[in-house]
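Structure first, then comments.
The letters A, B, C and D name the chains in turn, as written, and every chain counts its residues from 1.
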Amino acid sequence: MEQRITVEITKRDKPELKKEEKQDRAPSGVSSNAISCTKCGTPIDLKDLEKNWFCCPQCDFHMPLSARKRIELLVDPGSFSEFGEKWTSTDPLNFFDLKSYQDRINDIRAETGVKEAMICGRATISDHPVVLCFMDFAFMGGSMGCVVGEKFVRAVDIAIEERRPLIVFTTSGGARMQEGILSLMQMAKTTCAVQRLETEKIPYISVLANPTTGGVLASFALQADVILAEPEALICFTGPRVIKQTIGKELPEGFGKAEFCLSHGQLDMIVSRKELRKVLTLYIDLLEGAVQCEYEEPEPAFRGLPKRGGKIIRGIREIKKVAFDAWRSLGRHGS
Amino acid sequence: MEQRITVEITKRDKPELKKEEKQDRAPSGVSSNAISCTKCGTPIDLKDLEKNWFCCPQCDFHMPLSARKRIELLVDPGSFSEFGEKWTSTDPLNFFDLKSYQDRINDIRAETGVKEAMICGRATISDHPVVLCFMDFAFMGGSMGCVVGEKFVRAVDIAIEERRPLIVFTTSGGARMQEGILSLMQMAKTTCAVQRLETEKIPYISVLANPTTGGVLASFALQADVILAEPEALICFTGPRVIKQTIGKELPEGFGKAEFCLSHGQLDMIVSRKELRKVLTLYIDLLEGAVQCEYEEPEPAFRGLPKRGGKIIRGIREIKKVAFDAWRSLGRHGS
Amino acid sequence: MPGVHLDGMVAKIYKQIRELLSRTSPQKEAWRTVKLARHPKRPQTLDYIEKLFPRFNELKGDRRYGEDPAIVGGFAEFEHRTIMAIGHQKGKDTKDKIFRNFGMPNPEGYRKAVRLMRVAERYGLPIVTFIDTPGAYPGLEAEERGQGEAIAYCLGTMASLNVPTVAVLIGEGGSGGALALGLADRVLMLRNAFYSVISPEGCAAILWKDAKQATLAAEALKLTSEDLLRFRVIDEIIDEPRGGAHKHLDQVVRNLSGALSRHLQELEVLSTAELKKQRFAKYENMGREYINGLEES
Amino acid sequence: MPGVHLDGMVAKIYKQIRELLSRTSPQKEAWRTVKLARHPKRPQTLDYIEKLFPRFNELKGDRRYGEDPAIVGGFAEFEHRTIMAIGHQKGKDTKDKIFRNFGMPNPEGYRKAVRLMRVAERYGLPIVTFIDTPGAYPGLEAEERGQGEAIAYCLGTMASLNVPTVAVLIGEGGSGGALALGLADRVLMLRNAFYSVISPEGCAAILWKDAKQATLAAEALKLTSEDLLRFRVIDEIIDEPRGGAHKHLDQVVRNLSGALSRHLQELEVLSTAELKKQRFAKYENMGREYINGLEES
C-alpha cells in the first residue's frame, strides 16, 4: 500500500514546483517508507502522511492525490460505484509525435494503473447520494480528451435522472493535444451538459486541485454554482511560464494560486483537505433542501416536488415538515 | 429668442466647470448677442451657436441645452406632444432648509419657465414613432423627485402600449434631497419600469448629457440596452469633488468624462450633437425591425407579431417582405 | 407700504418658529436615531445571520474582478428552508472595519450580490437582505469599474427576480448604496435604523452650507422608521429594546425572526407572475400620492 | 532472439516512413493553410461585416471594466432582418494591431460578447460570430480579471441562448479563445481557415521539444477545414478563390452570404426548445464515435 502511494506521488507531474524542488531540496535520502515534502522539504513518514490527509504535518502542503485516493478519503466507505471505467480513446487523429498517442496511453496505464484522466461514479457523502467526477493528473496531466468529456456528460445525465448533486474534482493541464480539435470540443460538450444541470436545478459544486488550468478551467470547472479550491492550488487559464514569456517579466509572488484567485473573486472558498467532507456535506445539505422545493407557475411558488422519492408533496407546511424530519432523522439538524 | 437662450445657458448650473470659468476667463464683455465658450473662452455669436447645434465652432464644446431646445433639435418638426406637463410635487416632507422647497420650485419656474426636471412626450424621429424623456438641468440640477419618476413610468407605459422605442436624455445631479426617501425610491420605481420594458422587448436607448450622476445614473440611465453620451459629459456616480475629498488626492485628467467612461466599458458610443439624429435613427431602424419579429414557443421562432399595426403576420418570408417594404417605402434601405 | 411691513414680520416670525422647532424633540429624535443606527456596538449583518440561521455557508467573489468583504452572503437555513442571505458588513474592530471598508461596497460587492441572487433564483430560494451601509464607496477606482452600473445592475436584478425577497434595514440606510440591496417584496426596518437619500451631514453641507447643521437636516429628511412607514416606503417596524438593538440582541432577533417568517410565508404562496406584479406595483406606486395633477392627464 | 530483432526493424522502418511522410504534401498542405489563415492581407471580421451587412451599428464595452477592441460587435442588417454580429478583430496596420492586441481578447472582450448576446436574445435576434484569433491573451492582468471565467461564461452563454447562432471561422481559430465565440448551432469555415486546440508552434514546443517542428505539428493536429468536416466539428466549408480569401473578397462574401442565409433560415423555423435540443445534441455527441467500450456500460 505504501509503495503504491509513493508511486502515485512521484509519478505525478507538478509543472510549477518541479524546478524549485530540484534546486532547493537535495535528494533527502529518506527511506522507502518516507518522502520529503514538496514545499518545505521535511521528511514525512508515509503513515503519518496518510493519517494527515496527505498534507505535510509541518507546513500543511497538500500533496497531489490520485483520483482513487481522493475517493477513498471523501465518500462513505464502500459507497463508490464507478461507471465508464472501460471507455478508451480510439485515437481519432492517429496522432504521432516522438511517440504515438496509443503507446503513450498504454505506457501510462502500465506504469500507474490509472486508466483515464477522470474517474466517475455514484456514491454517498454523509449519506447523501451524489455523482462524483475525479480527475487524475497522473494520466497525461489530467488532460481532457473525448473520454473525459463523455464521462462528465454521463455524470450529468445521472445527476439529472436520479436528482443527485454533482461534485467534480479537477486537476488538469487543459485539453489533450493528441485528440486535436476534438479535445477542444469537449469544452463545448461539457458546457452544454452544465447548462442542462442548471435548467434542471441540480446542485453543482467543483473543487479545484493543483493544478487546474486551460480548457478544463475555462469550461466545466468554473461553471459550477459553488467553486471550492485546495490551498495553494495553481488555478489559471494560461500557465505562469507562458505568461512570463509573453509579458517578459517576473510574476508577482503567489500568482495564480488559489489564495490569489479567492482575492480576485474567482472562488467561493479555499478548503483544507481535512475540512472538505464537512464543508461539502453542509453545501449538499443546504442545496438539496433547496431543490426539493420546486418552483412552478402558475401554482404557488414553493410547493414541493421531490423527484427522487417519487412521492409528491404539496403545500409549504408539509414540505417543511418533511424536510425537517429528514434532517432530524439524519441527526444533522442544528449542527 | 436669443435672449431666451442666453438665460438658459447662464442660469444653468455647471457644477464642475463653474470655478474654472471664474478663474480662467475674465468677463469677456461680449454683447448680449454673444456668449463666451465655457471651455475655450472664444466669444460666439448666438446665431452661429444655434446654427452649430449649440456647440462651440472653435473647440466643439457641447453647450448645456434645455429640454425644450433638445426637443426642437431632435424630433421631426411639430411632432412632439407632451404629457404630464401639469404634474407637480406636493412637497411630501414639507421640506425647509434656508428656503422652503415650495418657494424653490416657484422661484425656478418663474425664473426659467421650466416646470420640472423632466419633459416627456410622444414624437417621431425620421418618421419613427417614439416616446421621449428629456431631463433639464435648469430645474433643481435635473434632480429626480416623484414627478420625474412618475413621468418616466408613464413614458414606459406608453412605449409598451403603443410599441414605441423609448429614448431618454439625462442630465442630473441625482436624487432630489427635498423629497427625501421618496426621491431615493424613484430609483427603484424607474428600475421596475425598465424591467417591464425588457420583458416586452421594447428598445430602450439612453443619451447621457453633462452631467449625469448619482441616482439617475445608477438607475434608468445605465439600464438602457444602448447607452450613448455627448462628448465630454461628466458621467459618474459620485461627483469628483466628493471623491477628491475621500481619497485625498487629485483625480486624473479627464476623470469621469464620457471618453473615460467609454474606455472603461460603460458606454456604447460618444455621439456629437450634430450626428445624434442620424445615429438614433439607425438604432431605431435596426431595433424596430427586431421587435417586429416576436419570438414565441412552441411555434416557429421568428414568426412576426407586429403589435402596433394590429395585423398579425406569420411565417418568416412574409415578415421579411413586410419589413423590407416598410424600409423601402421610407427610403431608408441600404443607406 | 404696510403690506411689505407685514410680509417682513411674517417672515421673521416664521424664522423664529423654525428656530424654536429646531430645538424641540422631534428633531432631536431624528438625530438620536441616526446616532443609535451608527452606534459602535450596534449588531451587524453577520450577528443577525448567526442568530437567525442555524446554518450558513458563505459564498465569495463576483467571479469577475474581486471579493468585496463589505458585502457578505451565502446559503442559510431558516425555519426548515434554505434561503440566500446577503448584507452589508461594516466590521467590528478597527482592523475588521478597514478590511470591510466600513461597509461601503465597491462595484464587486454589488456584483457578488447579483451573482448570489441569480444562484438563489435558480434554486428557487427566497432572498433575505440586511442593509447597513453609509453608502457605496466614493472612490476613484470604484468609479473606474462602474459604481453606478453596479448599483443599477443590482437594482435591475432585484426587480427581475423570480423568487421572494425581504429586505431588513438594520442600521444605516445610506442612499443608493443601501437601496441596491433594498428593492425587495417586503421591507422591514428596525425601529432605530434610518434610511435616507443622503447622509444628514451631506445634506446639511449642501443646503445649509454647513455640515454642522446635520441635526436640522436629519429632521428635515424624515429618515426615521416612523416616517418611512408613513410614506409606505417600508412595510413593518421591528421593535428594539430601550436603548437600542445592542442592549438585547436576542430580543431583536426574536422580533425579526417572527416578522421574517410571516412575510416569507405570505410571499411563498404567490405565483412568480403575481409576485412580480405586486413588486412592480409596490415600487411604481411610490410617490404617486404626492403628485398634484395626475388625474387631469 | 529473432522476435526482438524483428521488432527493432519494424520500429526503424516505421520511423523512416514517418520521416518520409513528413516531407510529402499532406503535411505541407496543413502548414500552407496555417500560413494562408494568418496571411497579412487576409480579410478580417470588420471586412466581412462591411460586405455582408448593408447596415451595422457597433456596440461597445462590457459595462463592467473596459472596452476590448479585440472583439467587435453590434446590430447589423442581413437580408431584411436585424442580427447581432460579433467577432475577433486582429487589426490592419501596426497601430491598429497594437490597439486590437492582435485579436487576442482580454476578459472584457468575452464579457462584451456575452452582453451583446443577451441583448440579441432579448430582441430575438439571430447571432452571427466571426472567429479569427491566435487565442485569448496570455497576460498577467487577464488572469487577474479571470480569463478562464470569461471564456467559461461566454461558452455557457452561447449554450443557453434562445436564439439561433451561426459561427464562421474566417482565419485563425486559436484554442479556447476562438471556441468562446464558436459554440454555435451551425459552424461554417472558410476553406483556408484553421481551427486547433493549440497553435502548431505551441504543440511542437511541447511534444517535439522544438517549436521549429510546427510544420509536423500542424499536420498531426488535423486542423484544416477538410479534417474538421470529417470530424463533424464544422457543418460546411465556404470556398475561397485560388490563393486565398484576400485574392477576391467579394467572391468569398457571396459564398458566405449564401450559406449564412441558408443556415439562418433553417434555424429560424425551429422552436426555442428544438433549437436548444439540437444544439446540446450536436455538442454532446462530439467525440462520442471515437470512444471504445461505450456500448458496454
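Convention: a contact is a pair of C-beta atoms (placed from the backbone, for glycine too) under 8 Å apart; a residue touches a chain by one contact, two chains touch by 3 or more.
Please read all numbers here as calculations on a predicted model, not as lab measurements.
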Requested in this report: Kindly list the shared contact partners of subunit B and subunit C, in label order.
Outcome: D
Report task. Please compute the C-alpha centroid of subunit C, do the same for subunit D, then give the distance between them in whole Å. Result -> 48
Report summary line: CA centroids of subunit A and subunit C: separation to the nearest Å works out as 40
Query raised in the report: Whole-Å distance, subunit A centre to subunit D centre, using C-alpha means?
Result: 29
Report summary line: Expected list for subunit D, residues touching two or more other chains, is 63-65, 145-146, 149, 153
Report task. Mind pulling the residue numbers of subunit A that touch at least two other chains? Result -> 198, 222, 264-266
Query raised in the report: Considering only which chains touch which, how would you classify the arrangement: line, ring, star, complete or other?
Result: other
Report summary line: Every chain pair meeting the touch definition is listed as A-C, A-D, B-C, B-D, C-D
Query raised in the report: So in the complex, which bits of subunit A are touching subunit D?
Result: 83-93, 95-98, 145-147, 149-150, 153, 175-177, 179-189, 191-196, 198, 213-215, 217-223, 235-238, 242-243, 246-247, 251-252, 255-256, 264-266
Query raised in the report: Which subunit C residues qualify as touching subunit B in the complex?
Result: 18, 136, 138-140, 142-149, 151-153, 155-156, 158-160, 175-176, 179-180, 182-183, 195-198, 203, 206-208, 216-217, 220-223, 227-228, 231, 233, 279-280, 283-284, 286-288, 290-294, 296-297
Query - Of subunit D, residues touching subunit B in the complex - result: 54-55, 57-68, 75-77, 79-82, 108, 112, 119, 122-125, 162-164, 265, 267-273, 275
Report task. Could you pull out which subunit B residues touch subunit D in their complex? Result -> 198, 201, 203, 222, 225-226, 262-269, 279, 282-283, 285-287, 289-291, 293-295, 297-302, 316, 319-321, 323-324, 327, 333-335
**Report entry** Of subunit C, residues touching subunit D in the complex
**Finding:** 63-65, 107, 111, 145-146, 149, 153
